[in-house]
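I am attaching a structure below and will ask some questions about it afterwards.
Naming follows writing order (A, B, C and D), and every chain is counted from residue 1.
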């Protein structure tokens, strides 16, 4: 599928400031970018950085001049999400500890897996196979956590979500990651643009590493699994924040718009987790 | 200086187990390794991994067979720690946000800098220059935290150390890292072998990124700054644990022995932080 | 001084509900009530309770009928706050552990003194005399905690205030209580009506037990110490909440109005902590 | 039944110290004390206090003289525990909010019910009737929390037990109390001597207030319900600690011995919760 993406970040600058943002799509075997631009509404000092384990694309903007700052990103992205039969994965119990996945097994700021072993074992300890555990985690998130806009803040971590049973997409992802790592399944955080997400916004999901590949999971079930366009991955939101602010700058809002590219003939058939399962499939995105 | 290093990890295996250890020294511009070996007292499946942002050297050992497992590491390492004049750094206020240092500005599991901004500002907010802030953090750690063996565990984080005012080297490092990041100074965790550390053990310190280089800080002041041999670095102890255990394996103890190489003519002059400062120097290791 | 007090609580009832409120002034040797009424804008089942160690006055209102509920309290209260010379208290180190004060030495929900010993010792451990410690605590609160409306919620406890250095009157009181108890000074929470508090609202302060008497402390310094009219006391806000809600009821707001009684000849001279100290006095209210 | 109780507390005094202990049995309608003594192995300043809402019996011992201190308590106590038919309670949904029970509905230091509402609702929200909820809480504690000596410390609270799924009697009680209060059932902490507890020690249970009476619950199921002799009650362990120490004093151990009085003809039939339920009974002790 081809999607057109347009997103904007709005700030007010009062004194010397740096905005570090991560809103550009990533290039992957399943995702090709064309016609991309990131523009700013006035002169700033700009540099593009490749950051961290996954080479996330950050843009750093610096300015001393007070006033409004608007960052606008647009791209045309073609995605080819692939699914694999669930039964190829379902009995797999991975113990390879691949070097590439190891950092995603360790506890992180918002996914403190080391403090969730007892709860994870109590809830999921009797389930066999990494894929089945991951699916049970997704079920649990969807059934026990209430999605509520504004119910958490940027310091909320998985223990808060476990306590309050309430959160936004970021919190569903962090709790899922923490459960999986606690059960020795590498898991990472992923920010995405998401087609048909209501209301339109940046979205966060997580990925589990099974049999050498990463599989996407969205415990909120708020958007089609085949409409996601990847921005960045990391251990948790600390690695993949949409924007981090330094100095005299304040956020004024964001806007996101994801559309099907107008010139494509294909119709979009939204794929839900239930449909995938009914079809014997596990979803695949990397 | 040349040091001979010998360290051992002892385990008891009751069922299928994986031991992931990080006890091999790292190769850096200031540290050259020779005569290195890592041996195990019985047949295991072994692989050597390069993990994470800093290419930490991990060894993965897998075995199904019950019994004792002993891992022994030895190496001859030549270090050439360098110091720079403090006044070259002291007024520097860094805002470059280099890509290589950015991940070390973000909060991590044991160094939740995002929750320490108010305290860090209250304690250090009126100090000018990144180097001066870092030195003030070191002073504060030494003067306000009591070193006490056994006072913390592997889940302890910087907020615990701030609360109890007690910890071990790992805790001093985490609290120092969290303070520095909260004040926008990139900081990372570092495990080292340490000459003249009493009692002999693995040691943990932290490094701050100022003006494009990493400088080592040890708030415990328990070992000479010029007797450290680097093992691994990371965001915090989650990245650089000496050993992580999976399956039916239990730790039985460790042994560390760091000596001056017998064939060298040089005498060892222990360098303390006070001596460095008196000499107008900031210590340098990377 | 004589004060007229009028306060109102506004609720919306959607289904069977109980409102438990504590807005009636307490009768003490230094506070006499007359012309008191607590009225409700429609029929409810009502009972007046004397609750807890200090016989706090609670009113319990029950209704099944949906709609608006308004509770209005008014009273004329004459207070005679007394001060004592600070030097009578300043060197006192109390170790009597009176039965009446003991429960206020134990940790409570929002004032977990058992977790604040190390910080309290670090900040105040070198000060001699219970009164001097209490005054140093007041100073510290005023100088290190920023008053900010809306910065905390009803689950915030003293550790949060210590972390964020921000709070409202309730948080100043909880942190002060926790510090004092950690240093073996009994301390309790107190809700008051407060003349010249801006904006008009319920107010919270704390009291320390020295030499057999309770002394009021207000780390916010937002209101005159001689304009407070006591409502309730307790270990912390859990004992003395203005209102606790059960069932289908939602708060819609409050209103508080404290005035000097119009028929009195005396002028009101606001007494601040600085003025008291300058005058060699410690304030007294119980 | 008649029990002879003997308990000892051992301390070492290095400088001026106060020991506040609560090891004397309480007099209740269901518990009569005779032949009671509390003796100390050397001269101290002693006073007996009645503390808090429930008039707990505390003994305060003060001494300046270094050396060993031994406190010995002995008593002969006759208990007459009563059970009531469970069906008298099982559908009861209490909303009376009696003044005497209200303080036990509020959150406390180790039972922060205000932070456990979501979890309590998730686990027990569909159960009807206060008695049935309380029984489900007891079941959950027994089935999901592992009793492990030494697994917690005196700062552990219900959120820790929920996280680690491990604790001692104190922790089972605190978690049970927090769940019940979160579901609007008043609950209080209770220290007891306990016949046939293995190994012999002080024991902690909790009580729920249903239909105007307090019912004892022991989620550990480690001791017969009809072999408990009450010492003290309170909101949580902060009110009813066996001993609280001030000054230069260190604990050296305790000893507890509970026996059936030798001169009684009755045989002791241990009553378990399962047996009570099978018999259609709810146990009663106050």
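A few remarks follow.
We adopt the following convention: contacts are C-beta pairs under 8 Å (C-beta built on N, C-alpha and C of every residue); 3 or more make two chains touch, one makes a residue touch a chain.
Bear in mind that the values here come from a model prediction, so they are computed numbers and not experimental data.
Between subunit A and subunit C, the least number of touch steps comes to 2.
Path length between subunit A and subunit D in the chain contact graph, taken as the least number of steps between touching chains: 1. Counting every residue number used by either copy at the subunit B-subunit C contact, over half are found in both chains. Rounded to whole angstrom units, the spacing between the C-alpha centres of subunit B and subunit D is 46. Inter-chain spacing, taken between the CA centroids of subunit B and subunit C, is 48 Å.
We define each chain's centre as the mean of its Cα atoms; on that basis subunit C and subunit D are separated by 31 Å.
Residue positions of subunit C touching 2 or more other chains: 115.
For subunit A in complex with subunit B, the touching residues are 18, 20, 49-53, 58, 60, 62, 95, 97, 99, 102-103, 106-109, 112, 114-115, 154-155, 184, 238-239, 244, 246.
Taken together, the subunit D residues at the contact with subunit A in this complex read 115-116, 118-119, 121-122, 144, 159, 162-166.
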